[in-house]
């Protein structure tokens, strides 16, 4: 699983990407975020307010209920501000 | 009174402008158009369908009830097609 | 700014004039109208625009003033050409700059919609089947009326 | 056409590419967004745009395809810059050409409204009081939703 972070999620994480094996018991994005928050203070800080986190799976915008698999590219980021 | 003609009003009139004394009994644009129509075939042809004629008095768009005076600049033309 | 001219204009130059040196501009909206090569079933050879000098400038200034009253704008531009043009030629450009995009976008749309029915221009098309005057379109009247506020439609 | 780039763009060149040689174009609408020098009470020194390469292009292509499906368009263009920009710099340009003006005007407005909330960009402003991330605005979400048809809002 390739994880990508953008905007203040990236800053709080202190990195813009990482590879990780899909944690046990993680079926969807919500599970993944919960699992990540247990990995350390920077994850807790970045993913603290789940309502402010947006997600894309394989470069498609989706929501917390989206399924995730070990070969997915999963991006977590703040609301987009294009234009 | 300075009369100006544009678009197909000009073509049918065979001229783009003329000076004329305010005809007797003419108080508004409607009276003026009626008086003009008696002046010859080209006027009758140009002003035949009054619903298709637009008018400006002193370069301000107005309507058939607008007052006219001898020192006015009066323009008669088809609906405008700007842009 | 209003320009009524026979010469062509350069969109890059005109838009740069509206934005260069003014760093409060957040958005620029512009619309450019061009001569099409087809009118109904006829192919167009030329389009000749006639206008009412003096009244044209007054009407364009009124439309511009109306836009500046309704929206929060930093600058506006209307360029309208007259004379004989060919397919592909630019006829008209309207543009507006503002701090926030909605003001620029809406006022740009307004400017061109009102200009269609309120600017004293008449268009003679020369086609393969002869010359004819472009008629005012009912849709343009509807587009004009979309911007009328509370029955107020200052001509 | 979609372009995601660090370089500046030339509005005159880009609009010419959309119209030159295609005489069925009756109207060109475009919008350009620029870096403002003020954010709230702070003066902006730089704005750094970060994006999600790959997803950005996909999202912009989807927005462009949606515009082409909804309106009768001849061509469309989205250029979005990333990297560090200064006040007065152009950030984004959207443009559409069509036979009739309403298609170009409405789709241009749509393109920029959807791009605001659906293109994966994030903006870091460096001001006299430090750096901060530009927050998504509620108005932008409302502008986005204005274009949603029958509950269909393909992200």
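Letters A, B, C and D mark the chains in the order given here, with residues in each chain numbered from 1 onward.
By definition in this document, contacts are C-beta pairs under 8 Å (C-beta built on N, C-alpha and C of every residue); 3 or more make two chains touch, one makes a residue touch a chain.
Just so you know, these numbers come straight off a predicted model, no measurement behind them.
Enquirer: Return the chains common to the contact lists of chain A and chain C.
Expert: D
Enquirer: At what distance in angstrom does the C-alpha mean of chain D lie from that of chain B?
Expert: That pair's centroid distance is 48 Å.
Enquirer: Between chain A and chain D, what's the gap in Å when you average each chain's C-alpha atoms?
Expert: About 26 Å separates the centre of chain A from that of chain D.
Enquirer: What is the distance, in whole Å, between the centres of chain B and chain C, each centre taken as the mean of its C-alpha atoms?
Expert: So the centroids are 26 Å from each other.
Enquirer: Give me the residue numbers in chain B that touch at least two other chains, ranges are fine.
Expert: 83
Enquirer: Would you give the residues of chain C that are in contact with at least 2 other chains, written as numbers and ranges?
Expert: Where chain C meets two or more other chains at a single residue, that happens at 33, 101, 112.
Enquirer: All pairs of touching chains?
Expert: A-D, B-C, C-D
Enquirer: For a test of understanding, state which residues of chain D touch chain C in their complex under the given definition.
Expert: Listed in rising order, the residues are 10-13, 15-16, 19-38, 87-88, 99, 101-102, 104-105, 108-109, 112, 139, 143.
Enquirer: Which residues of chain B touch chain C once you look at their complex with the stated criterion?
Expert: Chain B reaches chain C through residues 4, 6-8, 10, 56, 59-62, 75, 77-83.
Enquirer: Which part of chain D faces chain A closely enough to touch in the complex?
Expert: 33, 50-52, 54-55, 58-59, 80, 91-92, 112, 115-124, 133-136, 140, 155
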